[in-house]
Amino acid sequence: MNHRFKKFAAGVGPALGALLSASAAWAEEAAAPAAAAAPTLDTGNTAWMLVSTALVLMMTIPGLALFYAGMVRKKNVLGVMMQSFALTALGTVLWVVIGYSLAFTGTSPYIGGLDRLFLDGIEKTTLSGNIPESVFMMFQMTFFIITPALITGAFAERMKFSAMLVFMTLWMLVVYAPVCHWVWALNADGTALGFLGAMGALDFAGGTVVHINAGVAGLVACIVLGPRKGFGTDNMAPHNLALSVIGAALLWVGWFGFNAGSALAADGRAGMAMAVTQIAAAAAALAWMFAEWILRKKPSVLGIISGAVAGLVAITPAAGFVGPKGALIIGLIAGVVCFWGATGLKHALKYDDSLDAFGVHGVGGIIGAILTGVFAVANIGGTAGLLEGNAGQVLTQVIAVGITVAYTGIVSFILLKVIDLVMGLRVNNEEEREGLDFALHGETIH
Amino acid sequence: MKLIVAIIKPFKLDEVREALTPLGVQGLTVSEVKGFGRQKGQTEIYRGAEYVVNFLPKVKIEVAVNDEIADQVIEAIQTAARTGKIGDGKVFVIDIAQAYRIRTGEANNDAL
Amino acid sequence: MNHRFKKFAAGVGPALGALLSASAAWAEEAAAPAAAAAPTLDTGNTAWMLVSTALVLMMTIPGLALFYAGMVRKKNVLGVMMQSFALTALGTVLWVVIGYSLAFTGTSPYIGGLDRLFLDGIEKTTLSGNIPESVFMMFQMTFFIITPALITGAFAERMKFSAMLVFMTLWMLVVYAPVCHWVWALNADGTALGFLGAMGALDFAGGTVVHINAGVAGLVACIVLGPRKGFGTDNMAPHNLALSVIGAALLWVGWFGFNAGSALAADGRAGMAMAVTQIAAAAAALAWMFAEWILRKKPSVLGIISGAVAGLVAITPAAGFVGPKGALIIGLIAGVVCFWGATGLKHALKYDDSLDAFGVHGVGGIIGAILTGVFAVANIGGTAGLLEGNAGQVLTQVIAVGITVAYTGIVSFILLKVIDLVMGLRVNNEEEREGLDFALHGETIH
Amino acid sequence: MNHRFKKFAAGVGPALGALLSASAAWAEEAAAPAAAAAPTLDTGNTAWMLVSTALVLMMTIPGLALFYAGMVRKKNVLGVMMQSFALTALGTVLWVVIGYSLAFTGTSPYIGGLDRLFLDGIEKTTLSGNIPESVFMMFQMTFFIITPALITGAFAERMKFSAMLVFMTLWMLVVYAPVCHWVWALNADGTALGFLGAMGALDFAGGTVVHINAGVAGLVACIVLGPRKGFGTDNMAPHNLALSVIGAALLWVGWFGFNAGSALAADGRAGMAMAVTQIAAAAAALAWMFAEWILRKKPSVLGIISGAVAGLVAITPAAGFVGPKGALIIGLIAGVVCFWGATGLKHALKYDDSLDAFGVHGVGGIIGAILTGVFAVANIGGTAGLLEGNAGQVLTQVIAVGITVAYTGIVSFILLKVIDLVMGLRVNNEEEREGLDFALHGETIH
Amino acid sequence: MKLIVAIIKPFKLDEVREALTPLGVQGLTVSEVKGFGRQKGQTEIYRGAEYVVNFLPKVKIEVAVNDEIADQVIEAIQTAARTGKIGDGKVFVIDIAQAYRIRTGEANNDAL
Amino acid sequence: MKLIVAIIKPFKLDEVREALTPLGVQGLTVSEVKGFGRQKGQTEIYRGAEYVVNFLPKVKIEVAVNDEIADQVIEAIQTAARTGKIGDGKVFVIDIAQAYRIRTGEANNDAL
C-alpha cells in the first residue's frame, strides 16, 4: 500500500510492477484478454488480504470499542461502544458512496476523483495488483473506519451522539480522504501520485494517515469541548479494565492485518512487517510497565496494555521498512515517551483527553513516523534511513508529520467550532451526570 | 429486643458468624457497605491520575436478638471482628419495638 | 457452495468443472496420476477456507453466545452460553457420524446417502474442487453448528437443557440435513443435485438453509413452550448489553468467513461477497438506528447491533450474486423491516420470541432470499435477477422460501410436541424464577 | 513443524513436492524456468501461516487470559490477566534475543546455537521451506509465549508478579528452549536434529513441548508455593464464568492455528489436523459434561468448557497423525480422565492447582502423547501406530513423555526454590487477602 | 413514626410494594442483602470443589410510616411476602424520633 | 446518641460528606439502595419493550452522632443534599442505645 514499496517493486520490471500496481487502469486491461505482463490473481495474496480486512475490522469492533469502554465510568460504557459501532456502519457507507473514490482515484496529487462513486467500475474480475480491487477497497475501508473511532477516545463521556455523527461524517471526507490520497494514492505506473508520497515520505500502514491524524484531531476536540464535569476532582476510575485488556489484546492481534496486510501480499515483506509489529508492541509494553513500576511503585494492567498499543502505533509507519533491532528500539522509545504523553504532558497542560487518543496515538504516531526515517533498511523497504546514511529521510518524515498535524489540526478545529454553533457539541450537565448510556441511548448496564 | 448493627471488615464476616452461633443466634442479615472514617483510603493510579478512594469496603451485619443475650452478642462480635488496626468498625445497638417471622406470623422473641 | 456457481462454472468446461467438483470419485483420480483436467490443490483457496472455517466457528462461540447472553437476565447468562457451547460439541459429533453424509452425498434430490458415515473415505489427499474435502467438510460443519444455536434465542430463559439437547439432535438430522441437501448438494459433474438447487433457487450462504430454517423453528418453539413467566409484566431488561455488542461485532467479523467463504475460493467472487456483506450490515445498522431514533426518540445500542445482524442475515443468500448497490438497498430494507419484526410484529402477535430469533433471522432471511431474486447480477453470480429482466427468479425464490418455511415449521412442531409429551420442554416455575444458571447448571455469576 | 512430516515430504520427492507447492510457485516456474529443487515462496502457505500466528497469539491474549480470569475471585481478575499479557511481551523479547536461536539452530541434538541472536540472518527473502523464515519464527514464538502463560493457572491468586517474571524468564530459556529443540529442531536436510525427534517420538503441535511441559511445571509450582490461604475452607467460587466461556471459545478457535498451522502449509494434512482438532474437542466436551452430569447431578458450564480444552490438549500431539475415528476416541478418553484429574486426583492429593494447569494440560498432554502412538495412521502422518501394528511407537511416546516430565519437573523445582530463597515467591497474607489486583497493580474492577 | 424493616425473598418485592400503595404508603427504600438463617444455603460445585453458599440473596425493605397505619403495613407486608416456606424472612419495627423531607424540609408525618 | 439515616441522590454524596466534617463527624457508612417514591422512574426500551424502572438509585448514609450535634448534622445533610427537585430524599433519626468502637472497645460517645 506504500508507494515506496510500489516504486521498488516497479523497479523489478514491468511484469512484477504490473503485478503490484493498484490502479484501475490496469484492472481494465486485466478484464480484457491480457498480455503476458498482465497481472493475474494470486489466491494466496488474496486469501491474506481477505483475512487482513477481517482483522482490521475486528480492531474497531470489538477491539477498540472494548479498549475504550473499559476505561470509562459504568454509566458511559454503552455510549462509548455505541460510538465505535456506529462509526463502523457510517464509515462503510461513506467509503462506498464517495470516500474510496476521493482517496484512491484521479490524477491530482491533492485529492482523488469521482470515478469510483458507489464503487462504479469495480467488477468481480477487476484487479488491483494481483488481488481483486474489491478486496483492496475493503481493506482500505477498515482504515477509514478505525481512524475516526480512535478520535472518540479524546472526548469520551461528554459529546452528543448526534454531533459526533455529523463531525465524523465531515471529518472523514474532508480530512481523512485527502490525507490518505496525499500519502498512498498511486499513478497507473505504480509510482506515487499523492504529494506526500511523491515527496518520498514513508508511511507503511498509517502513522500519518491514521494515528497522527486521529491523535491531533482528538486533541483539538477535547480542548474545544472542554473537560468532563468534575475532571481533576471526581473519581473517574475505569469501571472495568478487564474489558480494556480484551480490547488491547484484540487490537494487538488485529494489528497483524493492519501492518502485515499493508504489504498487500503474503510474502517476506509481510512476514517481516508482522515480526517487527510484534517486537515493537512487546518492547513498548515492557518499557511502559517498568517506567510506571519505577515511578509509581506498581506496574498496572492499564499501563502495560497502553504500552503495547503505543508500540503498535509507533511501528505502524515503520513496519515494512525497518528490521527487528530497529523495532526493538522504536518500541522502547515509544513505551517511555507515550507513558509521559499520557501522564506528565497531559497533566501539565491540563486538557482532558479522556482516554489518551492524543497521548498514545498522536505522540506514538509522531515518534514512529520520525524514527522510520532513522531505522529504515534499504533491502527491506527499498529506502535507506539515517543509520544507513540517508539523513535526508528524517527531514522528509518531519515535513510529512508537520503538514499532517497542521492540516488535521486546523480543519478539525474549524469543523468542531461550526458544529458547536449550529447544534452544540456537548450533552447538558444533567445528561452528563446521568451518564450517556441512559441519557442518549435509553439503556443501562444492570 | 435489640437490633445490633455491626460495621466490620469484610474478611471478618465468617469469624463473626461462627462466634454467634454458640450464643443461639439463629440468623442475621448482611449487606455490603462503604465506610468513611479514620482509616485512610487507598490510592489508585490510572495513567498518572491518582484517585483516593475515601470509601472503604465494609460489611454491615444486622442481627436482632432478645435482650438477654444482647450483651454477649455485642461482646462476641467485637472479639471476633477485632484486629486492633484502625478501621475495625463499630457496633450500634437499637431498640426493636416489635418483630415478626413472616412465614408463621410468630411475634417478637419467637420470631428471632 | 452454491449450485448456480457450480453450474456456471461447469459451463466453462470439464477442466473447471472438475476443479469445482465436490465428489470423492474425482478426488480418487486426483490421487492417481491425473489427466490435465484433474483438480489440483490450491494453497491460496485452502488457506482462505481454513480461515473461513475458524471464522464461522467463532460466530457461534463466542460470538452468538455473547450476543444472546448479554440480552438475558443475570440469572440466565451462563445457561444461555451453555446452550451455544453444548450445541457446538453436539453438532460436531453428529456431523462427523452421519450429518455430513446425509447432507452432501448420494444421488437422491431429497436426502443424502451413507457413504461418508464417520467421514469414511475422506483421506488426507481427498479433494473437493481444489481444496481438501476435509476442509470443505469442516466449513460446512460450522453452518450445521450455528443454525441450531440461533434457534436457542427464541426459547431463552425457560427451556430444559436436556430437552434442548434431544430436540436439537433430532432437528439437525431431520430438518437441517435434508434442507441443506435440497439446496446445496451437487452431482459429480458439479450440477445441482438437491431439488431446490436444481429448481434454480439461489442461496449463496444460507438464507434458507440457515436463517429461515432457524428463525421459523424458533418461532414454533417459542409458541409451543409459551412465554416466560412474567412476560409483559416483569422487567426483563438485558443484563449486560456490553456482552451483546462484543457478540454482534464477532458475528459481523465472522460473517466474512460465512459469506466470502461460501465462494470456496480466494477470488474475485469472494471479494465481492465480502464487500456486499459489509455494505448490507452497515446499511441495516443505520436503518434500524434511525428508525428507532425517529420512532422511540433514542438510538439504542441494542438497536444498532440488531440492525447490523439483520443486514448480515439478509445479505447471506444474496452475497455472491448481487453488487454493492443491491447490497445497500437490501441492507436498508432489512434494517427497517426487521426492526418492525422484532418490535411491532412480535408485540402485535404476543408470542415471546425472547431474543428475536424469528424477528431477525426468520424475517431477515425471507427478505434476503426474495431480494436476491430481485438484485442478482448475471456477471457476478451467473444468474440475472428481476432488475436484469429475469422476473422468474423472484418466483423461484418465493417457492424455495415457502417450501423451507413449511417443512421446518411442521417438522419442528411435531418434534417439540413429542418431546414435550415424553420428557417435558420447560423448567418448572421454581427453576425459572431461580434462573437456569443455578437451577440447571449449579453455577452463578458472582 | 513436525520432523516426521519433513522426512515424509522430503522422502516422496519432487513430484509430491510439486503437488504441495502452490499455483504461485508454478507461475514463477512458467515465467522463468527455475531450478526444480530450489524452494520457492508459496503465497498460500504463507497466508495460512501468517493467520495461524495471529490465531495462536489470540489464544494467549485474550483467550487464556479470559479463561483463567473468569475462574478466580473478583479481587484477582486483573492480576491474572496481567500475567498472561506480561508474559506475551516478555516472551516476545526473549525469543527475539536468544530463544529462537537456542530452539531451532545449531547442530547439537540437545541445544541450539547462537547463529540467530537478535534474529541475525533472517532477511526479508530468507525462506524456511516454502514460507519466509520470519513467519516460521513468529509462529514458533507464539508457542514460546503460551506455554509459560499456561503455567500461571497453577499458582493463581498468590504469586508475586516480580518473582513470576524472574521464574518465567529462566524457565523459558532453560526448560522450554531445550525441550523444543529436542522435539522439533531439524537438520538442513529436513531430518530430525533433536534427540527426541530423532528417536522417533511424535509430537505434531506440542503435547510434550507445550502441555506436559507447562502442566508439570505448574504442578511443581503450586506445591512449592503451597495452597492459597483458606483453600478448602473459604468460598473460592469463580467470579465470572462468562469470561471463562469467552476464553475457552477463543482457545478453541485459536487452536486451529496451533494444530492445523503446525502442518506449516495450507494442504490436506492441515485440513485433517483441523478436523481431528474439532472432533476431539467436541468429544471431550461432551464426555466431561456427561461424566459430571452423572456424578454431580448437573452439567456445568465450567465442566463443558474444561472438557473442550482437555480434548484440544490431548489432540495436540496427535493432530497430523491420527484420523477422525482416532480423534473421537482420544477426545472421549481425555474428557473423562481430565475430569478425574481436575477433581478426584487433585482433591485426593490435596495440592492447590488453582485453575488445573496440571489437571487439564499435564494429564491431557500425557494422554494425548501416548494415544498418538496408538492411533497414528501411516498415510496421514507417515508413521503407523499400535493399531496399525507398530507397537513400538507407544513405547517411544512413553519414553518421550517420561524424559519431558522428569526434566521439566526437576529443573522447575530447582528454579523455584532458588528464587524463593533469593526474593520470595509468595505475596504476604495481607496482600493475598486484599487481592492481587490492588496489592500488586494498584487497580480494581469497580 | 415507625421504621418498618422487612427482610423478604427477592421475587416478592413487587407484590409487597403493590400491597402497600392502597394503604397510602408513598415511598420506600430497598436494598439487596444476604441472609443467614434456618433456610439452608445452596451448593455450587466447581471442578469438584463444593461451596455451600450460606448467605442467600434477600431484599431489605425500609419503610417509614406514621403510627396509625403501622399495624396495617406490617400485616400487609407479611401477607404479601409469605410463601409458607422456610426463609420468608422477618419484619422488625423501630421507632423513629424525627423524619424530614429533604426537598422541602417538611418534618415528621408530613415528610413521609 | 442518634443514628441519622439519610436517603439522598447519589451524586450528592461527596457534598454531604464534606458538609459534615466541619461539624466534627469523623465517620459514616454508606450503602447503595433503590428508592421508590413520588419521583417517577425512567423508562428503558429494548426492541420496543418498555420497562419502567420504578426503583431509582439512591444512596443511604448512616451516621451515628452524639445528641449535641444531631440537629446541626440533620440540618447540614438537608442543605447539602437539597436540589429542590422531587426525589431529594429523606432523613430519619433513630435513638441509639449503645455504641462501641470495635478496635478499642470504647463505648458510646467515645466510640463515634
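Worth a mention:
Read from first to last, the chains carry the letters A, B, C, D, E and F; within each, the first residue is number 1.
One rule holds in what follows: contacts are C-beta pairs under 8 Å (C-beta built on N, C-alpha and C of every residue); 3 or more make two chains touch, one makes a residue touch a chain.
Keep in mind the model is a prediction, meaning the values are calculated, not measured.
Between chain A and chain B, the least number of touching-chain steps is 1.
The chains touching chain B as well as chain E are D, F. Ranking C-E and C-F by contacting C-beta pairs places C-F first. For the touching copies chain A and chain D, the fraction of interface residue numbers used by both falls below half; the interface is of the different-residue type. Residue-number overlap of contact pairs with A-B passes half for only one option from C-E, B-D or C-F: C-F. In terms of their C-alpha centroids, the spacing between chain B and chain F amounts to 18 Å.
Here the CA centre of chain B is 54 Å from the CA centre of chain C.
The distance from the centre of chain A to the centre of chain F, each centre being the mean of the chain's C-alpha atoms, comes to 48 Å. Residue positions 31, 44-46, 94-95 of chain F are each in touch with at least two other chains. Shared contact sites, meaning residues of chain A that touch two or more other chains, fall at 42-45, 47-48, 51, 237-238, 246, 296, 298, 300, 302, 442-443.
Every pair of chains meeting the touch criterion is listed here: A-B, A-C, A-D, A-F, B-D, B-E, B-F, C-D, C-E, C-F, D-E, E-F. The residues of chain C lying in touch with chain D in their complex are 40-48, 50-51, 53-54, 57-58, 61-62, 65-66, 69, 77-78, 81-82, 85-86, 88-93, 96, 118-119, 122-127, 131-135, 137-138, 141, 161, 243, 246, 440-443, 445-446. Contact residues of chain C toward chain A in the complex are 42-45, 47-48, 51, 55, 74, 237-242, 245-246, 248-250, 252-253, 256-257, 260, 265-272, 274-275, 278-279, 281-283, 285-286, 289, 296-302, 304-305, 308, 323-325, 328, 379-380. For chain B in complex with chain F, the touching residues are 2, 5-8, 31-38, 54-55, 58, 60, 74, 77-78, 81-95.
Remark: chain D residues 234, 433, 438, 442-444 touch chain B in the complex.
On the chain B side of its complex with chain D, the touching residues are 11, 14, 42-46.
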